[in-house]
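Structure first, then comments.
Naming follows writing order (A, B and C), and every chain is counted from residue 1.
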Amino acid sequence: MQDPVTVDDRTVDRELLDFVMRTPRWFFGSTFALAVGLLAGVLVFLTMLNWGLQFLGYSSPVYWGFLIVNFVFWIGISHAGVMISAILRIVQAEWRRPVTRAAEIVTVFSLMTALMFPLIHSGRPWRTLYWAFPYDWIRGMWPNPRSPLVWDPSAIMTYLTSTILFVYIAMLPDLAIARDRATGPVRKTIYGILSLGFRGTSRQWRIQAVAGILLSALILPIFVSVHSIVSWDFAVTLVPGWHSTTFAPYFVIGAVHSGVSAVVMAMIIIRKIFHLQNYITADHIDSLTRLLIAVAATWFFFLMLDFFFGLYGTEPTEVDTWSRRILEGEWRYLAVIFALCSFIIPVPMWLFRGVRRSFFWMFVTTVLVNIGMWIERFMLIVPALERKSPLTFAYGDYTPSISEFILVLASFCMVTLGVLVFSKFLPLMPVADIKEGKIMKQEMKIGRADVPATIRE
Amino acid sequence: MGIRDNTELLGLYEGPDQAADAVGNLKEAGFEDNAIEVLSATPYPEGAFGEQTIKHRLFTFPFAGAACGLAIGLAWVIGAQVSLPIVTGGKPIVAFPAIIQILYEGTMLGAVLFTIIGVLFESRLPDGIGLYDERIADGYIGISVMTETERMQEARTVLNGAGAIDIISAEKSSPAAAPATSNA
Amino acid sequence: MSSPERAALELSLRPAYRPKPLRISMTNAVVALLVVLGVGGIAAYVSRIAGDGGRESWAYPTAVLMVLISFVAAAPLIAYASRATRGYWGLPSRRIADLFVIPSLLSMVILIPVMMTLPPLKGRANLWFDFAWGAPFFTDVLALGIMLVAGLALLWVSLVPDLAANAGDMNKLPRWRRMLLLNWKGSVRNWKTVRVTVKVLGAFYLMAYVFVAMVLTTDLGQSLMPGWRSGVFPAYHLISGIQGGVAAIIIVSWLIRRFSPEAGQFIGNEQALNLGKLLLGLTLLWFYFFYSDFIVVWYGRKPSEVAAVQVQTASVYLVPFLIAVFCQLLIPIALLIFNGVRRNLNLLAPVALIVIVGQIFDRIRLFVPAMTSEDPFAHSYEELPNAVGPDLIDILFIVGFLALAALAYLWAARRFPIHSGWELREGAMLREERKFMKTEVLVLGKPD
């Protein structure tokens, strides 16, 4: 049962626009701290530009390390926003309302962060212009559309563009409310321009409803394609441990697993720091967690498929890669942490209603999932590269450098800073949607029982 | 005579039932469906105020966009490969399995972009023409009626009769944005 | 607002609506034809058992087995999905889906002789890592058996409230029948138990089905064909099976609406729209899994894998592959993108039939080359084999067993209520049309 929002419209506006309209002191401190973290990353990047990729610790055969792991990780996090928003809109689940905007914004900033990493990783980012775009056709320098590395920017840019436009269109009513509530002339003008004069006519609301479902239906296939295309960066090669047909669905479902966990984590934090206890309730976390259980089970199925069919052909190089991942080598301890954090600890806990409805335990378990899934991407990429060549003289080992850790930290700062700054200008919860939920809420009397009900949209 | 003298009136109501009554009364008084508009800060189920059903062609936009995106994607992908023909791994220069990703993304991007255009078009946005009042964001419902100047008083009477707390009007001989007068 | 089926809203709660089994005349020409074909199928089966043909002679029967595992055994999953998501649209479809477990029993009849023709595991790629626990015969038969038992249990539990309601006074029934009906009284505890049990059994059936898909597709497919190594193939088979399951439910729903006014009154455009959306989504997913498999092989260009794909797709079994692509992908997509087709059961049913036909050819192109491969112990094809066409017995087998599956379903529909009365009544309680200001809205109850 969903707890209905019982406050009046004006209170809803005030509570949800509170952080937009006034700035608490902690905002400045936290923004500064996050900016420092981001700046450290920028300094590392600039140093890398000067010294080359060896500054980050890359050499043969492991040229893909933390940066690509982080790229895949953030693409994964970005998946949940659209998935939650789009699928829940399509099935018209009432509990989506407080969750969608925050999930979409996490998607946008995660995607932007993810996009940084291949650019950093190229060592000379300006050269990606030749590589991805028909920049220098006069000299006949055309990109190679057969390369998965060209598919990546096309997919990510499509996804990013679609998500930003989707969020913007869905935000028009809230921009109109912000325009009406704003007191300063500058804010009023900016919100007025951004809201495009939205007045809330019947036509505009009807188109909003239809557009929500239509755009959701269009974005869902894009979301599936993005991480599939990222997975094919690995799968279309012949590197042992990568040459697997399961990679596309495995990556997608893994992305949803980590992404939805990240959204749950974000919702719990947002609820706490923005005092949104009236809007984000245990019911929402419970519903998201039930979705997580189904997703985690599916992810586990694909993990088993990847594992069993990796060993199925008993090819020596494939067996060796799996062996190095989980039985021998320096990474076996990480494999244990990965298994515990991604599945063994959180999923059985989620089967208990008390855990699903506990904000503390859900925060802990979702953090564990994201740690585990980060490690999973690492386990996928690095052990395979260390022995990618069959020639023993081409073997190598990988040790992450401090600069890579700083870049990873900077990525987390970038996403958090982006979401925080966004929330300063626009509400993290769709105000009009919340109010619509109040109207749609009904009750049915069956015998002596009052059954919660909703108007079907 | 080339420019019509139309007036828009906007009545503000405290509750949705009164607003619905206002719409009904306006229709009974002979005002056309497409002259009556309901403004609210929250979406209500379609037809809740007795307003006319909205017809739109939003579903045609994604198809058009997808076709454009596919065409552009096809041209780019085939053109790029033919212009710089590099044989890699024994694969043909233009091979369908290899180009399907770009075609797919182009198609979907085209569909989404055209859908956005369609949303703005069908929503009649940007909208700077109609009357609006900031109290609508407070939860008041606005009933707007566009009528000839001769019937303005009649419309005002009907709106008042349904319990409007305020009526805003703007003379319209050319598109104007701001409310001109407010009569409680 | 799209209106729900009027009958669903006006469903009688007092006196309680009790659906009956379908009235199907056994002298009907179509039924008679099915019987004739079914007899032919049995004759073909006996001929194969009695014959001394080896694994190759069971190639087309294996394809039929995998067709049965696909759309027939997958159909009950749709009922589980509808129950798990509490989708109102699925109410008339749940029993229709659950009953498919009866024809899926035929799969065990085919599996046992097929498993006996398989070569030993040692020396060829397999999922069992050469374990000597009777794999693959014992393991696969056990897995399928567990799945079928779970499906039967699910059907049984979901039938109990309806059968008990039709049985009259429980105290007057013989003991064995009372036990079969779980001493049903309709108490609060009884209802709670049946609701939880159908969900749990449904989840168990899903897990069993996934496992069966994984082991059978490997043991009867990948393990026998040199060079075929695809981790995503079990998932591909699973998704295409569910696609076929949805198609089968659409076809049965159309038949019920067409030929049974009493049962068909609950089936309408609401069901069509939702099943149509599911079918479209699954069609897209079919392509996604197919492409995930194909692109890795196409890019990797490992000779062994390329040869396997050439056999199944590009060269040897090109014709069945093309038929499968047209029928499972191109035609459905071209039609299902239109709302008008998805909303109309009369237009949706032919699309569903085309999907089923495509699935049959898809299973032929996947499993016939595996079962007819000359050397399952080889790492790769030395040269591409010739396509093995069906002989008369194979054709009789295919047509006959599909007819037997249809007959088994008809038998079940004549024995058991075709709709889940208790779920329809529950749904009727939780749906209501109400006046909301100046319009009518549909209100849906969402109990915990």
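As a working rule, a residue touches a chain if its C-beta (ideal position, glycine included) is under 8 Å from a C-beta of that chain, and two chains touch if they have at least 3 such contacts.
Everything numeric here is computed off the predicted structure, so don't read it as measured data.
By C-beta pair count, the most extensively touching chains are A-B.
Among the remaining chains, the Cα-based centre furthest from that of chain A is the centre of C. Among the chains, the centre nearest to the mean of all shown protein C-alpha atoms is found for A.
Each chain gets a centre from the mean of its Cα atoms; for chain B and chain C, those two points are 45 Å apart. Chain A and chain C have centres, each the mean of its CA atoms, that are 35 Å apart. Separating the centre of chain A from that of chain B, both taken as means of CA atoms, is a distance of 31 Å.
Counting only residues that touch two or more partner chains, chain A has 221, 232, 455. Counting partner chains per residue, chain B shows two or more touched chains at residues 44-46, 49, 59, 91, 98. Chain C has residues 1, 295, 299, 436, 441 in contact with two or more other chains.
Remark: chain C residues 1, 85, 125-127, 129, 210, 214, 218, 222, 229-235, 284, 288-289, 292-293, 295-297, 299-300, 302, 429-430, 432, 434, 436, 441-448 touch chain A in the complex. Taken together, the chain C residues at the contact with chain B in this complex read 1, 291, 294-295, 298-299, 301, 339, 436-439, 441.
On the side of chain B, the complex with chain C involves touching residues 16-17, 20, 23-24, 44-50, 59, 89-91, 97-98, 100. Every residue of chain A that touches chain B in the complex is listed here, in rising order: 8-10, 13, 134, 137, 140-146, 148, 150-151, 154-155, 158, 161-162, 165-166, 169, 172-173, 176-177, 180-181, 196-211, 214-215, 218-219, 221-222, 225, 229, 232, 432, 435-436, 438-440, 455, 457.
Looking at the complex, you find that chain B touches chain A at residues 37-46, 49, 51, 54, 56, 58-59, 62, 76-77, 79-81, 83-84, 86, 88, 91, 95, 98-99, 101-102, 104-106, 108-109, 111-113, 115-116, 119-120, 122-130, 132, 134, 136-139, 142.
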